[in-house]
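For reference, the structures are reproduced in the following blocks.
One chain, chain A, links the two complexes that follow: it is found with chain B in the first and with chain C in the second.
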Partner chain A sequence: MTDRTVAIVIGAGHNGLVCATSLARAGMQVLCVEAGDVAGGMAAQHELAGGYRVPALAHVAYPVSAALRRELGLDKYGYAPGPSADTIMLDEQGRHLVLGSSGVSGPGLAASDETAYPAFRQQYLRYARILGKLFDNKPPALRSMPFTEKAALAGLGLKLRFGLGRTAMYEFLRVAGMNIFDVLNDVFTDDRLKAGIALDAVMGSAMGPRTPGTVLTWLQRLNGALNGPLSVQSGTQETLLPALVQAAEGAGVELRLNARVERILIENGCAAGVVLQDGQTIAAGLVVSGVDPRETFSRLVGARHLDAMFAHRVTQIRGKGVVAKLHLALSGQPGFSGLSDSQLGNRLVVAPSMRYMERAFNSSKYGECPEQPVLEITVPSWHNPSLAPANHHVMSVNVACIPCDLEGGWAGQREALARRVISLLGRYAPNLESLIVDHELLTPQDIEQRYGAVHGHWHHGELSMHQSFMLRPLHGASRYDTPVAGLFLCSAGCHPGGGLTGLPGRNAARRIIERRTAP
Partner chain B sequence: MQDYDAVIIGAGHNGLTNAAFLARAGLRVLVVEKNDYIGGATVSRELHPGWKYSNCSYVCSLFRPEIYNALDLGRHGLQVIPLVSSMTFKQDGDFFGSYQNPHIRRRELMRHSPRDADAAVRFDTDVMRWCRLIRSMLLRTPPDPGSFRPRDALEFAYLLKKFHELSEKQLCEFIRFFTMPIAEYLENYFGNETILAHYSGGSIIGTGLGVYSPGTAYVLLHHAMGEVDGNIGAWGFARGGMGSVSRALASSFRAAGGEVRTGAEVMRIRVSGNRATGVELASGEIIRAGIVVSNLDARRTFTRIMDEQDVPPHLLRAATQFKIRGSSGKLNIALDSMPSFPALPDGSPLTLGHMHFTDTLTRLERAYDDWKEDRWSADPYCDTLIPSQYDPTLAPPGKHMMTVFVQYCPVEPEGGWTDEKRDRFGQTVINQIGEYSPDFRDLVRHVEIRTPRELENEVGLTEGNIFQGELTFDQLLFNRPFPGYAQYRGPVRGMYLCGSSTHPGGGVMGAPGANAAREILRDLHKPDTTPAEFSDD
Partner chain C sequence: MKIDPDHFRHALSRTPFHDRLAALSLAEEWMAWNTYKVARVIDSVPSEYFAARSACAVMDLTPMEKYRVRGTGARQFLDRLVTRDLSKLRAGRVTYVIWCNDDGKILDDGTLFQLGEDDYRLCSQHHQLDWLLISAADFDVQIDVETHDVAALAVQGPTSCKVLAAAGVEDLPRLKPFDVAALRCGDMPLTVSRTGYTGDLGYELWMDPQHAMAVWDAIFAVRGSYDVRPMGLSALEMLRIEAGFIMPGFDFNTAEATIRDGYDRSPYEAGLGWVVALDKGHFTGQSALRAEHAQPPKRQLTKIVIEGNKPAGQAFVYTGKNGKLCGEVKCTTWSPILKANLALADIEFRNGRLPPDLWVRIDYQRELKWHTTWARCQARSKPFYQPEHRSATPPEHGL
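This part shows the complex of A and B:
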């Protein structure tokens, strides 16, 4: 018999949609309520004045896993991974370095580095694949572990020992807790190359290359590379989101936009539904939150429904956004010195060295904006001209190491930062400033206001070691179920964390179904 | 024919501990030391007439009581005076004191934050739980995750059993504790800036990490798990300076028939047929022994005193990649009289303990940022003590000896160390103390300033790192010093490591020396003379 429980999923971000669809396909009657007027949250698109469109937040991504595509039939709804993009480390003298999934090349690159890179990447992809086994399922319960989980873990242990082999396993155990700074310095000499790899380890996190645990964050990110090459969002996004929405509707999910949830209804300790901002109450036996866990517990549930220590721990979850987003509407194609037009579709990065990155991170620690921030640049309109008027372009820039709570507040300083970033860009793309028609800078605070991510943190909580696996978002809610019966989590704030992976949503749905059949 | 059964390179506290246990098993043991004095970094020397400086390690706490008892160090003259307090001066003229007396401590916490006073109870119990857990692993050889020998399986089983005594919640708490930055860990309990700064200080001592670096919470534990007379977490002074620790060890070693030779620097470990056969001294003299034990740090041992062909390439790489990261400096100061600290009430006992001058986490973190840029901290974290207050043997009557441990100090500042730079470094420290003690500068009669350069050249601590290698996840337990070499054995038969770069790591603890001795005796099929894991509960 099919289960007709009414389940409410809060938030139509990509994880919310994945979870809602999986539940509906399992026979549940699912309602997905979204505060915004479009589905997709941080993965959606954003409209600038004058008919320019830009990726809201995520502007580069790896393909979602084959399993997810199969389970939700995404390909049937037109999902296709976007064209592969390389990472180009920009150099002021135009001596750019190109990092691809297969190799690295560029003027002045030492032969030793060029040969070491592919092997190094392969080695860490193997580590990522092993970690990935942990990402595809709920984190283990250390005690009271059912036999199946014990077996799974044991299997993983054997993979470590035999899959990798003794030497590689030793190395894995050594580097797993290290910082990316030391690992890269041991292997490579080229600053651009080291910075290019370190970028993926720290982007979106309040960490510098020297922060212990950055190897783990990098592996978490590399896990996506197992699904296929990186691509600039414009391509992927325009197929991923529509596909997710259609898959949801196809599975019978009712999607309700412009419906902001005021609070989660709690009756005798159990989730009983949600109350919308307009006062409307929707009853349901099952509530799944795709909202930041901190927001979910502190505001939607409320401390009075939680154990005091648990409520306290929720306030201790770390995760302050450190990335601002600059959108530029351009009246023509930007020209980066030393870069051919055909290379404009790649991910362009301003981060000359790991030291530069560490310095930028230093100032963010004290609520200051770095003199020289780290920049991740894409030109989505290069892939998809329809994003801008004819011959016009849009540029999307992630500005890293920007504090969420700036000393003295953002009022008035937003423009100063925008100008600083634009002039920094100008050093690499001389004609840029003259092309700017319109610009928009989203500080982490703006991101919080627009997308509800607490403190504007991409991943709904820092991806640090002490907030991973059975500690994500915190003990007592790390297996997608919460102390409140009938309330589950499915956001990036849960294991295995952020990125356009859909994994938290997928794992959450499986957990919910498992709990229904065997509570 | 052999001159000795075993020769130990370096008369540091671990070398002597190791030697003493071997001698007690009936081996003919020789300890060779490059300096003219023994002790390595556990030393006291009269570098200014009338004053005795413990010029490297300066407090005694981590030293394992099991070893103290097994080697009968009390009878050999080691006397530890408990250290009763620690404190932090605030910039606004106030101070925070942490007393041993629980009632006074609570009252002081209340004065700064009633909420934190309550949290302190929770904090103490939690930290104590982890101390007890870790303590039971100190005097054991870590298992090798790559091997299938029964002993390793059993050791893993032992560890599993230990963790099995914890609840699901406690397990998660432990993992969290192990991987957290000290600042964030403390913020789970405390809210007061000064209290946070005061308790995080211990977590950065000796490491190239900041208070916001993951993994530093464990370092706190590493400093907190010490004991004096069975009081876990208590600190103490060795009467007569740290030198008396090594003197007592040496005397216990000699009583067991061992020999020590100073002024004898080892140039290389001799190997033939994949077996250690002895050592060659700088004098060219060759000492033959079937067992060679190095008290030097792992990198020094494998890259400096072993021939390249005796060390497998992967081990050589591991040794050069071993993270040492010197980050500390030290000042030893002869004072004409006791300096005054106006912030403290008259006769306050707080001058008897640790004195710190850094009262916010931000100041601590900025000190770390300086170090990352290869500069010494402009506003350093100083662990200051005046032991002459209750150990009259350290200075002439009425005069005093002050020891200042300084975090952070770079291994190699821009353009390398010069004496002029060293003195400027010392001056920043003296100025900081001067801000809290107006008469301090005038009382200074002699200063010994030690940067990583001095620590490396005199004591042989590579990069001047007090732990002989960072205490980070990648270099703890079965990863210390390198995966696959965590059981004290070197690459050739008969060759061993016994220094702090082996499990359980740095601090004047003696555990690495004892553990190495256990492994050696095991290989020789001799009775084990080392103490078993200690338990008072």
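This part shows the complex of A and C:
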């Protein structure tokens, strides 16, 4: 045994890897245990039969922050943001609208919308930048706030007031709690454009454009755009995950795959290690869970080791997955009407209007699959041909507004949904159906099974206002530490939430290191 | 539970003993307790009080909240619920327990009866089902409300054992304090515990409501030979203060009902530190109580004897006559048996200690005119009244 602190990080998702690497770089002896046979969790790759590979869940992402790249030396391990991808709002008549980071274009777009869009985007990027100051650190303590946090909050207030200026500040305060539907209708006329923006506000959340708080979810998402443009995750060397794994190994993290944690060992109220499913016990004075906080507390720790009301509040964390994932193995390149070959590498979206999106969301609200779901499509093999056999392709489709607990259960319904989505895709890509070699549809329940995210929720808990900042994942565990001494959280269920940001993992590691010096 | 088809005709439910109590009631002073109509006074407070202190008093306990806790995880569930170390509790024994919220503030107190292996009954003053169910997650335990399915009588006083024996309750004298046993009264099954809220010798009888009248009648059938009197809640209030028992919800606000920050009380603040086992396994509120215990105490519900005989019901407590305000009286009684003015007072500590030279300022009326006086107080750590006969086994049947 060495006398270095032994830390166990549960789960080698991207946040788990970030946290493990940061702790190892701070001098700890870190073991990262992963239930799956590859690292990366929802950000990894998934293999279909016949030599096709697809992004596990996350198929588009913004670059991670420059700070994270610098701290973990990610660029040294080959990380570079992927090529910029536009968002193309598909139209059945081929009148597609292209939303880029600098502008919007497409047939039939009103000049007023075209000019309003860049200004609108700039304005919200400024808001996102201010909010981003809150994302870079643990949420403030409400009671007995230390001076540094007071100063940071005061600084934020000053930025809000003087950075934005009076008018923009009032506008920010006006819209921050609003729904994206009202905000977009005030500014734009084009249905495709509004749907394209609203998509980023609701994708992955059980929310429709009219749901309150969707401006906040959009700003949370837009924060990633400050690091660079969106890119399609194609699993080539330049993407995040291989770099994170190498950085972890480079920092001395021991990565153990196929090691599912059965429970967290608690001794005298303190985390003392983990017990693996195979019965092996690994002792450690520090346990960091990259698993969904609900799973962490309710199953890995167990309510009996927690105070009753805290354990009860854990069961009240909202977060039911609403996105299914369809993977298609294709014998050739799909052709979308009105889309050139060179445009196939972008993010393609089926969501003709916010009204369409809200209708789809309504179905999921009532436990039904929508007749016409919202689709987010990528063709990762367009970027990285090695994902499929020669001249073949893979397509990855996020199917939004799919209830996790489908009325009547999922038995027999998975195929029906897959058919429905494929037929909807066929309306935009007529040759698609004839190309399909194989398909796989993951319902939110399947996602839970495969990746452990409770109810298949990407973000380990809804990114609603009542589950953000010092309320994420819940009050009493919102600063990465928990009521169990020695147990910390580092998953997307923590502040500042989901997405391929690595921020929860980074903040958690900083908190752990800070707690070790001054509890 | 059988629902009385005429229940809607009464604002309050009637206990199975109601008709007998109503027939005996001279005072006609009724009050609500936990949706039941119960007697505040039946005859007169002094006669009821003295029955409990020198003979035998019988009180209807039916409205007490009763929960049955069963299952292989029952013991672990209870150990996580209450602050007390239950490791010595065994079947046939009863223990006094309190339970706290996450912040270590008292939700309620009660008596925990171990009726058999994996079989417990928890009695409390206030409704606790929500909290019990919230606390039950992760335990193999079943919780049933028995409040309305179990009729209960407190039979208290120095002659209570003799009275019950004469009434036909078998095998009673062997019960030690805090024992509970399944006994019979004639051909009726009864659960009897040697427990009570008076600090005297006494028993509590738990029975099927269908036997309630017959048990009552058997007890009151011995009236020719023994002085047995029904008792109301007013006399009980005097008895429990003499015995130094606290009443959550009256002496301090229970945590669930508290809105204002700092108005709830921890076990230490309520003077119940002796039922907190910080070093047992995890229980709700443990971390908060550990943190509190590491600090000097800020306040404590304290037993005080007030000089003189002026009723100090709503008095403030000061350190020094005309001195600095340091607390308030929460409940008070004139003790006829001790000839003393007793009170429980919530007193703020100074530097972790009870302030010296305690005084109360008493505002009182004489023929509707208000007067003010100051009275010195003496703090007590032991119960005010603890007769030796309360704990003897077998009890002296004396008197």
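Things to note:
Throughout what follows, the second predicted complex is superposed on the first by the 512 of 519 C-alpha atoms of A that agree within 3 Å, B and C clash if a C-alpha of one lies under 4 Å from a C-alpha of the other, contacts with A are read in each partner's own complex, and residues count from 1 in each chain.
FYI, contacts are C-beta pairs under 8 Å (C-beta built on N, C-alpha and C of every residue); 3 or more make two chains touch, one makes a residue touch a chain.
A quick note: this is a predicted structure, and the numbers were derived from the prediction, not measured.
In the superposed model, A:G269 makes contact with chain C only, not with chain B.
In the superposition on chain A, contact of A:R161 is made with chain B only, not with chain C. Contacts of A:A176 after superposition on the shared chain: chain B is touched, whereas chain C is not. In the superposition on chain A, A:G302 makes contact with chain C only, not with chain B.
Of the two partner chains placed by the overlay, only chain B lies in contact with A:M470; chain C stays clear of it.
Of the two partner chains placed around the shared chain by superposition, chain B is the only one that A:P212 touches, whereas chain C remains out of contact. Looking at the superposed arrangement, the partner reaching more residues of chain A, out of chain B and chain C, is B. Legend: residue contacts after superposition of the two complexes on their common chain; A:S342 is shown touching neither chain B nor chain C. Touch criterion met: A:F310 reaches chain C, while chain B stays clear of it.
Shared interface residues of chain A (contacting chain B in one complex, chain C in the other): 476.
In the complex of the two chains, the chain A residues touching chain B come out as 141-144, 161, 166-167, 169-171, 173-178, 182, 186, 210-213, 313, 316, 318, 358, 362, 365-366, 464-466, 470-471, 475-476, 478.
Those residues of chain B that touch chain A in the complex are listed here as 145-146, 164, 167-169, 171-173, 175-176, 179-180, 184, 187-188, 209, 212-215, 314, 321, 323, 362, 365-366, 369, 372, 472-474, 478-479, 482-484. Contact residues of chain A toward chain C in the complex are 266, 269, 298, 302-312, 315, 476, 483.
Interface residues of chain C facing chain A in the complex, by the touch rule stated above, are 76, 80-81, 101-102, 131, 134-135, 137-139, 282, 284-287.
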